[in-house]
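What follows is chain A paired twice: with chain B in the first complex and chain C in the second.
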Partner chain A sequence: MIYLQLFWEYFKNYAKTRLTYRADFWIEVLSDLLFQGMNLIFILVVFQHTQSLGGWSQAEVVFVYGYFMIPYGIFTTFFNLWNFSERYIVKGEMDRVLTRPAHNLAQIVLENMDPPSLIGSLVGAVIMAISGAQLGLSFDFTDFLMMILLVLGSVLVYAGIYIAITAIGFYSDSPTGIAPLMYNIQNYGRYPVGIYNKVIRFVLTWIIPFAFVGVYPASFFLNMDSGHNSPLALLTPVVGLVFVTAALLFWNHGVKRYRGAGS
Partner chain B sequence: MLAIDVEKLQKSFRVQKNREGLGGALKDLLRREYTEVEAVKQISFQIPQGEICGYIGENGAGKSTTIKMLTGILVPTSGKVEVGGYVPFKEREKFVKNIGVVFGQRSQLWWDIGVIESFHLLRKVYRVPENDFRKRLDELVERLQLGELLNRPVRKLSLGQRMRCELVASLLHNPAILFLDEPTIGLDILVKTEIRDFLMGLNKEYGTTILLTTHDLQDIEALCSRVIMLDDGSIIYDGSLEKLKSNWSKGREIQFQFAHPVKKEQMDSWTEGLNVQWRPENDLTAKMWLPHSVNVSEALSRVVGAAEIRDIKIFETNTDEIVREIYQSEKVSS
Partner chain C sequence: MNNAYLDIIRIRFLTMLAYRVNYYSGIVIYAINIGAYYFLWQAIYGDQPTLGGFTVAQMTTYVAVSWMSRAFYFNNLDREIANEIRDGSVAIQFIRPYSYLLVKMMQGLGEGLFRLLLFMVPGMVVVCLIFPVTLPTSPQTWLIYFVMLVFSFLINTQINMLTGLFAFYVENNEGMMRMKRVMVDLFSGVIIPVSFFPGWLEAIMKWLPFQAITYLPSSVFTGRTEGGMALQVLGLQVLWFAVLLLPILWIWRKARHRLFVQGG
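Up next is the complex of A and B:
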């Protein structure tokens, strides 16, 4: 519960900081949405040329994309860790974090949170609703609860992968190029994995499980007769928990190797 | 009770060796070579509660590394370390509730928002009850005269104002032990004095144990009953400042600027019988070196009586000089 209070305090400070730079705020929201919009337009353009993609209709692919935007928005709100290595390890800000009585990763997450990204989640929900209506999907209360559970699972998958990647900073002196690589791979998870070859499918399911932030959980809500429902959907929270646990162990071990900077 | 108990504490870093040239870089890529650098070598010391202890040494002597091990930031390679009854790196989150840390070169306050907002956030992080927080904050604000600064964003504060705010930030949870890493670096003499007085009061009133590193001997003189000196990762002195000075600093230097040119023989003749040495810098200026055994006022009065003086400067040996002297003399004893 203490972390919920801390979240609120950090959020207030974030808001105060941000209100001093108002233009910045709107530009960020806009560029976020433009980026997502481009991807969506890409999907629409592809379907100008074909009726289906590996058996998936346009509305279904857009539905999956809408789902993907929800965990992605939550993830970018909290795991804005791109400059971790430079800011906390090279410049040594980790020193300050480690002398405060709250878990270090929690502090870092809260210090860097970026709530405007949540607008992307909202847009994702709207896209899901629209394409869901096109597909004639019905949403009842159980679906709603499942939605929360699956989104949480997807966020954990994301968090696990990126916490682990960020923690590499503790082991390697120089920032690695692995984060941009991951950033590209994650794009594959938002399209039906059936369209890829076996190896890529296996990797996206079990090694770097980005399929669990998009297509698998989203397929749970598709119609039975579409034939796309993946039995793996219900595994999403489990995969999320496994990855986040492993990543936290890796992180905590990394913190012990932290060497501080200079003076 | 001991506030800090350190025994045979050691920290070594593995540093990658970089070979020369492009060929060397290629070799490094394939097979890396590492060297072990011992930043802190088997040091032992105990600090009882309520003591103010100065921790000095040259840059790179291992001061910060020690402080970082004592505050739980770094995990020691070997040895025992106990601070306030905790092993710092093991129960870090519980342990840090009892300590305050100020790194002079680094800020713990939010850059863009009012100082008071940072304090409120720290109150939550340290879980200080609202009433205690109010009382404590009012007291600290009054003592350090921060009244009108509280609502200003940190980026608009001067270094002196910021440092006073940093002190408040590190003391809001009333820690039993306070670690200060170069708290007076870059500050003007007024702020330095203010901070020294404040720390002294804090120690008297609350019995706060303070460990500080500094390059300013006057910090030590004003505050510390005890000095620990580090050189190349080992403790080379642990005791009172007085003893350190009499042991190691052999004297002081006075620079004179004369109204008329003076020859070295003349200078020597003025101070005949006194054990001082003259070192002319040019026709009009010269430096006189006095050992501690020589009375300053006597030497001064003899020179002033004999020549017309434009200006006088007295140079006290500072920490760095003492450290350098010790280092050069290589007479390591503790």
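Up next is the complex of A and C:
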């Protein structure tokens, strides 16, 4: 409960800092949406030239993309850790965090929270609804509960991967690390994994399981006769839990190695 | 004096060399990236022989060379400049006997050269082994491509500088930097070749500098733009380089009069 209270305090703080630079705030919201729109533009442009993507129709691909945006928005709201290594390790801000009673990762997550990213999740839900209607999908109450469960699982998958990558900062003092390049590959799960070869499919399923933030869980809601439903969809929450647990262990182990900045 | 700039390239090169985890992970991720787009385009083509004026083979080469050139021209100068403006250390740079912008560009070049030699070249070899990439056969094409690659770097760096320098005016230009990244990735042709855009958008793209970063050089490399046309698009790059110099120098001159350091 203390964390909920902390969340609220940090949120108020966030609002105050961000509204100082109002124009920039809106540009940022817009550019975030555009950034995600980039992939949607890719899909739409590509489908001007073709009818199917490895057997998937435009509406199906867009539907998967809409799903993908929901966990992605929640993830970017809370795991906005791009500068972690520079800010907390090289500059030594981790010292300040470690002297406080709340768990260090929770503090870092809350300090860097970016609530406007949730707008992306809303847009994703709208995209899902539109393409779902085009596909003639029916959505009942159990689907709705499944949706929450699967989205939660997807967010955990994201969080797990991302916490682990951020924690590398404790082991290597590389200033940029893998994180800046992650944004290149984090989107691949939203395409039907069937188009990739076995190795990549394996990697996307079990090693960097980005298939669980998009195509697998989204396929749960597609029509039975589309032939795209993946039995792996129900594994999403499990994969999420496994990855987030492993990542937290890795993180906690990393924190013990932290020695503060030299200066 | 010129030696000082060369030293800056060298120092940045060595700094990059010191952080090797970065480098190994980068190669892996770029390979994954090229692979993913390779399969994506294969699925998009299906049985169709050409799309948007590209054959499947040309598209494979295009994707490979575009991502590899991105490794060379990509840098975070916008962020570096914006940070130095925001934390005020740019004030110190003003009194140093060198051109700040040139120093930044040289740092970017050191970084780019590092990636060119240790990343792009071996990466390209690996990619050629895995995927059916067709390399150009004529030495002339290679020559023009490398000259164009230098201009890709210059133009991308100029766009980065412009974005970074905006920190003089808006104090917090995080949003602009992100917007710029989206625009460069989307419109430069790394993700979708410009010829795939619907007619009206393609027409707009012809009047923007982004295509000069990836689309034009990669088209030369894949052999879609040949001979006299290749020289023409090179000319277009040179033109953009010259045009972009003006706003940068102008902002730089103006900005030094209005610098205020927050909390400084």
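In the analysis below, the second predicted complex is superposed on the first by the 258 of 263 C-alpha atoms of A that agree within 3 Å, B and C clash if a C-alpha of one lies under 4 Å from a C-alpha of the other, contacts with A are read in each partner's own complex, and residues count from 1 in each chain.
Operating definition for what follows: contacts are C-beta pairs under 8 Å (C-beta built on N, C-alpha and C of every residue); 3 or more make two chains touch, one makes a residue touch a chain.
Please read these numbers as outputs of a predicted model, since none were measured by experiment.
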item	value
Which superposed partner A:F35 touches (first chain B, second chain C, both, neither)	second
Touching partner for A:D24 - first (chain B), second (chain C), both, neither	second
First, second, both or neither for A:L53, with chain B first and chain C second	second
Partner chain(s) touched by A:Y258 [first = chain B, second = chain C, both, neither]	first
Greater residue coverage of chain A in the superposed arrangement, chain B or chain C	C
Contacts of A:S138 with chain B and chain C, given as first, second, both or neither	neither
Chain B and chain C contact sites that coincide on chain A, given as residue numbers	173
Residue ranges of chain A touching chain C (in the complex, touch as defined)	21, 23-32, 34-35, 38, 41-42, 45-46, 48-50, 52-54, 168, 172-178, 180-182, 184-185, 188, 191-192, 195-197, 200, 203
Residue numbers on chain C that touch chain A, as the complex places them	19-22, 25-26, 29-30, 32-33, 35-36, 39-40, 42-46, 48, 51-52, 76, 170-176, 178-179, 181-182, 185-186, 191-192, 196-198
Complex interface listing, chain A residues touching chain B	2, 5-6, 9-10, 12-13, 16-17, 20, 92-96, 98-103, 107, 173, 256-260, 263
Partner chain A, residues of chain B touching it in the complex	13, 16, 59, 64-65, 68, 71-75, 89, 92-94, 96-97, 99, 101, 103, 105-106, 108, 110, 112-114, 117-118, 120-122, 124-127, 181
